[in-house]
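Presented sequentially are two complexes of subunit A, the first with subunit B as partner and the second with subunit C.
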Partner chain A sequence: MKMTFKTALLSTILAAGLAMPAFAQEVLKLPNMSYRTGPFAATGTPHMNGQRDYMTMLNERDGGIGGVRVAFDECETGYNTEKGVECYEKSKAEGALVTQPWSTGITLQVLPRTNVDAIPMYAPGYGFSAMQDGKTFKWAFNPPTSYWDGASMIMNAISDGDLANLKGKKVAFLHLDHPYGKEPLPLLEKLAADHGFELLPIPVGLSEMQNQSAQWLQIRRERPDFVVMWGWGAMNAGAITEAVKTRYPMDQFVSVWWGAHEPDLKLVGEEGKGYRALSWNFADPNAKLMQDVKKHVVDAGKSQLNQGAGEFESTPYQRGILMSVILAEAVKAAQEHAGTKMINREQLRWGLENVKLDEATLEELGATGMMAPFSMSCSNHTGHAGAWMVEWDGTKFNKVSDLLSADRAVIDPLVEKAAADYAAANQPWQMNEECTQ
Partner chain B sequence: MSYLHSIFVAPFADMADAPDFFLQVVWEGLVSGVLYALIALGFVLIYKSSRIFNFAQGIMVVFAALTLVGLHENGVPALLAVPLTLLVMFVLAVGIERAVLRPLVNQPDIILFMATIGITLFLIGLGETIFGGANKVMITEQLGIPTGSWVVEPFGGFVSVEQKDVTAVVGAVLLVIALLVFLNKSKMGRAIRALGDDHQAALSVGISLSTIWVLVWFISGIIALATGIVWGARAGVSFALEVIALKALPVLMLGGLESVTGAIVGGLAIGILEKVFEIYWGQPLLGGNTEAWFAYMLALLVLLVRPQGLFGEKIIERV
Partner chain C sequence: MFYRIAGQYKTSYGADYALFPIKQDAWLLALILVFAFVVFPLTASDFMFRALLIPVLIYALAALGLNILTGYAGQLSLGTGAFMGVGAYACYKLITIFPEMNIIGAIVLSGFFSAAAGVAFGLPSLRIKGFYLAIATLAAQFFLLWLFQKWAWLYNYNASGAIQVPNTQLFGVTITGAQAPVLAQYFFVLITVCILTAFAINITRGRIGRTWKAVRDMDIAAELVGINLMKAKLSAFFVSSYIVGIAGALFVFLWRGAAEADLFDIQLSFRVLFIAIIGGLGSILGNYLGALLIVALPVIIGTVPAAVGLPISSAMVEHLNTMIIGALIIGFLILEPHGLARLWALMREKLIIWPFPH
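== the complex of A and B ==
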């Protein structure tokens, strides 16, 4: 009898073990690298909350994507590149369909690996700008707009649409001394050379993010006509408070989209009036999309967001939502094209290349006005959605420009050269020969 | 020749040309230096009494500041939140002594150092769980700290002085005076110094190791709170404050690990010199961001001449 019981128990365990992989496969593994700890957590957390909450909403409202639930596991990197590489290897071993590196430094580290491992890399609004070139970077995507696009749009905006207006002027480029912060430099240097303005790069080290008095003393001494900020984490809050302290004119202080971050501006409140940031998304808590997230996730107690601090209404949280919207649309496209709900990595790559977020789709999603329409293709892995200038009025950001667009005539040749240089430096490099566009 | 000119002549000419700007640079350096000194003091105090290099001092600054702001966010009046935060830091000190230090008595220094790394990771996790990772606004005005600024106009120019920076400097000076009086004049203070000088001798005359450890960790908690308030008032309270605490390392190398005077002098020297170097040599000649390494280079140069730091004790061991 004892033997029978033991045999039965063993059989059950074995059967369960055999059944587990089949059961585990019934989810779409779309993990995220997060940094909810460390000096960059302040900006990372609301984005990651938004990304997670949209996927949770799809699971709760629709039963996932195409009826398959999404497993949106997080791997904490603390914005540390080495940890990011570990997270990449871990998620690869676990059968992730995509890698979301969430740092330009990590993106650059795992970029060559994704090309060999054939894993789509999804870096929405960050990463290496040349990833736009889908023929070279078959597996890497950085929609809806790249850092070079962003830098171009900012320069167009501060020059009132004509870069010739900047001739003889001085533009300080206050940036994190990190691959992310240096990313727009090639474009800015070219624009400075072409249009005769002085570019003054001012790096901010990690240990100086909250003590930028030296950088702002330099700004006081040099008196630039504009300060363009490429900051992240605690650096943005540090810069904004120093700008107020230095009495730098706020209407001459412009940031890339990560600086459209309400908690940073709340530190200075009214004194930050006039500060602008370029943003590819615009927060609309009343949009149908956001109301669905509220109903199915936030009110249901399934979100990690900080309700008391107004995170739901904030730009970064809603940007995180849109990041997941783009990825989910890629999954949908892949499922429809492949004729299967359980897609693989190659099929997701096809889906990303065929994302078409036009006005009609945005309306259907309930996200009209939250971001600009865009689409990707095999040769264009960025999409080049436009962006808006948003301005801080003391309590909130307001849209103060029409939809801006980047100067393709300047950026595309730079992208082509950077992509070719990258491929040459990383031989043997697998190109996408099938892409003939 | 022009390069030599830009190193040896141009910076001093710049200082002479715009003396008001030079004064502003020195003032900003002084404020940074005071804050570095405060963080370093927390390290020194614990090292003096227990020979433990407390890696957790940085995260204690963050934890104390987050507790203060968190209590206030939950409806506790600012002036009540301060003693309550101190109570939390006291409980933390008792907890560390009981759970970490006591079981590790007589273990090698490296074990105790590793234990403080463990405390750091624990406090990061605990802080994240309770307070989240968002940047929080320090309750500066609620604490009665003035937030305006004064503009003085020397040499036909101007120097802008933030009132909260002045408060930070005055507060730090008072804290250091109180600490020095406590260490030199009180019975408990002398016990701390005795323990630092010779553990065995101190124990043999009845000084309680556990009581002193709780006391020094609590005092470090007080210093952490003061540091958190003044740094937080400058750029918000977030986990990035922990990174600033790393600046205490070259301060300690420069001043000496067990010297209160060394922490103060080292902090002020590094604060002012790194700022002056960055503005007049780093930015024009080296592309800026020299503050990331200048302090370490300065400390290294001092170590070449005085391995024990400027004010450290020269230890001679007979073998």
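== the complex of A and C ==
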């Protein structure tokens, strides 16, 4: 019995291995590393649902992209970097066109590999800020905006557009003690030194996410003028409830886009009024794009989203949709340029470098106002779309600012240095020599 | 039938204590080595190497290190993850401070750093035993992890707080970093693991190993027959942490490619401890069996639904996986509390007398 089971197992694995290339001809493999399990599932799941539902919608409505169906396979990582290696190798062996690491930790691991294996890495709104430099990071993309852009926009917003206003003030930087949370520190340190405000980094360890009493005690003692949060998963909800408990003024509490997450705010409701987050997308359930998703995917019962909890209307779900929109636009661009429906990795890389999401395209997609227009190029792999401040009014987020933009003059030299350091540490490193912009 | 010992006479004590008292054991080992050195390299894919073979070898090595301490010398430790971290960070610092250094040299030396850390945190073992010692080593786990996070010098002030493995070469072949061909990495890990396993087998069978076992079985009696407890315990901590440190260096340099401090948290310690316990404490073979069960089986189970075409979401596969592995662990422990190695030993004994029951 044991033997027959083993033989059956082996033969199925073998058969699947043999059958794989046959399928590969008919679909565009755009897999995703998901995490619907583990401590970060709360923020992960709506994004995964959004990403998945847009691809499903394209398959249902248009028969895929350019007539070729999209295979949007998920590989569960649980935000665990160990699974990242496994998922990366698996999708590579299956002929994936792109890798979406979905964690700054996995990004760091996979980034050097993608440069050798020549696979585009798509890290929308996360990853390593220096990936902006397309000449160095030939295969990595982090549109529409990077963490350094985000940090700069937040500082611009809280200083009312002039960083000199922050002089002598104290800004606490409450962040996850993880590569992701530390990412904006170099920029914030530079800004603090240049403009004379005091930066107080407060790390939150992975084990302390749900109980941040020590961190908030420190905040109470130090009385910072602003708390800037770089949190993820269970940490955001923990911080928001602690802030309410310690009566920290909500209008001085600002988060990066992952903090624009309705379920976390619903925990505190009215008491969270005034809380702001920088978001590069704005939820609009009535947009044509969202209505199409609703019609073809959600109402057709093909979505995994939690309909009862208002997930469809939420910012993270719609952010996930937009992440897939950008990728799908890249595929479209690549198909047009290459003149073939079945593009390869190199062609997709060209497509990503030539994404042009201007107002007209957004209008055509039915996503006007959901995100800011941007475009990428071979030297600019981020695109630098602007973002808005959204404010919690007790029941929902409202746009409370004009489109903000990052301070390029400060960020670009930092990016250049970080990219050069990265390439130097990873010699021999393949640069994009063809890019002359 | 396969294990017939008829005709294998032992005419001396030496023959009775030989490494392979039965010829078939040697043949079996040779067969496994042929698979490891010839068959897998010829047939395996990148995925098999990176997701199955290399991690199984590295985890087995870490469990081997822990097994020397816990299984042979009887000192319970929960600091394995942190000691692996010491090896990894030491190797990283050595390679970045001395870029011209040979990777073998760096790995061999990095083991000494974790051995030193192991001995330092092993000092309480002279006074306390059992669970109390486990708590003392837990302190090592938390303290070292905190150090990895806060001491920026360790990760060269990297903005992400992570260490990134540079490309290094050995005899003209890239061994570590993204440029390294997976086959070279596999052979490097395999040879390192083979050498350390041979070393562990010999040391545990010899004088030192016997003093460890005496200490494990009853330390007062061991002291009465003239064993220096301090030397025995600290040497166990030294050898164990050395192997664990090398496993840590391999873990980051030959497999992961990058690591942040959180990688070496208590979960990793538990994982290695589970491998050692389920494989069998006080056995060398057990570490490999345990690593196969804990590291390789989830990967294999994860590929099954997709392979047979079941439409199950990947998150569900992950949940099922946790349940199946959990049930298997409980099942094996009920079936054989002394671990998989003991299970194999029983099977082997039965095979030797098979088909006659007596």
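Descriptive notes on the structure:
The definition used in the following text is that the second predicted complex is superposed on the first by the 413 of 437 C-alpha atoms of A that agree within 3 Å, B and C clash if a C-alpha of one lies under 4 Å from a C-alpha of the other, contacts with A are read in each partner's own complex, and residues count from 1 in each chain.
In this text, a residue touches a chain if its C-beta (ideal position, glycine included) is under 8 Å from a C-beta of that chain, and two chains touch if they have at least 3 such contacts.
In this text, all values refer to a predicted model and were calculated from it rather than measured experimentally.
Subunit B and subunit C, once both complexes are superposed via subunit A, clash. Look at A:G95: by the touch rule set out above, it reaches neither subunit B nor subunit C.
When the shared chain is aligned, no partner comes close enough to touch A:G369: not subunit B, not subunit C.
In the superposed pair of complexes, A:D177 makes contact with subunit B and with subunit C alike.
In the superposed pair of complexes, A:R36 makes contact with subunit B and with subunit C alike. Once the two complexes are laid over each other on the shared chain, residue contacts for A:Q210 go to subunit B alone; subunit C is not touched. In the superposition on chain A, contact of A:G238 is made with subunit B only, not with subunit C. Of the two partner chains placed around the shared chain by superposition, subunit C is the only one that A:Q109 touches, whereas subunit B remains out of contact. By the touch criterion defined above, A:R220 reaches subunit B but does not reach subunit C.
The intersection of subunit A residues touching subunit B with those touching subunit C, taken from the two complexes, comprises 36-37, 177, 203, 205-206.
Residues 45-47, 50-51, 55, 149, 159-162, 164, 166-167, 177-179, 255-260, 262-263, 265, 299-300, 302-304, 306-309, 313-315, 317-319 of subunit C are the ones touching subunit A in the complex.
On the subunit B side of its complex with subunit A, the touching residues are 18, 21, 24-25, 28, 31-32, 73, 124-125, 128, 132-135, 137, 149, 160, 162, 231, 234-236, 238-244, 246-247, 275, 278-279, 282-283, 287-289, 291-292.
On the side of subunit A, the complex with subunit C involves touching residues 9, 12-13, 15-17, 34, 36-37, 73-76, 78, 81-82, 85-86, 89-90, 92-93, 104-105, 108-109, 112-113, 115-116, 128, 177-179, 182-183, 185-186, 203, 205-206, 304, 418, 425-428. Against subunit B, in their complex, subunit A makes its touches with residues 36-42, 44-46, 177, 201-215, 217-218, 220-221, 233-234, 237-238, 241-242, 245-247, 263-264, 266-267, 306, 308-309, 311.
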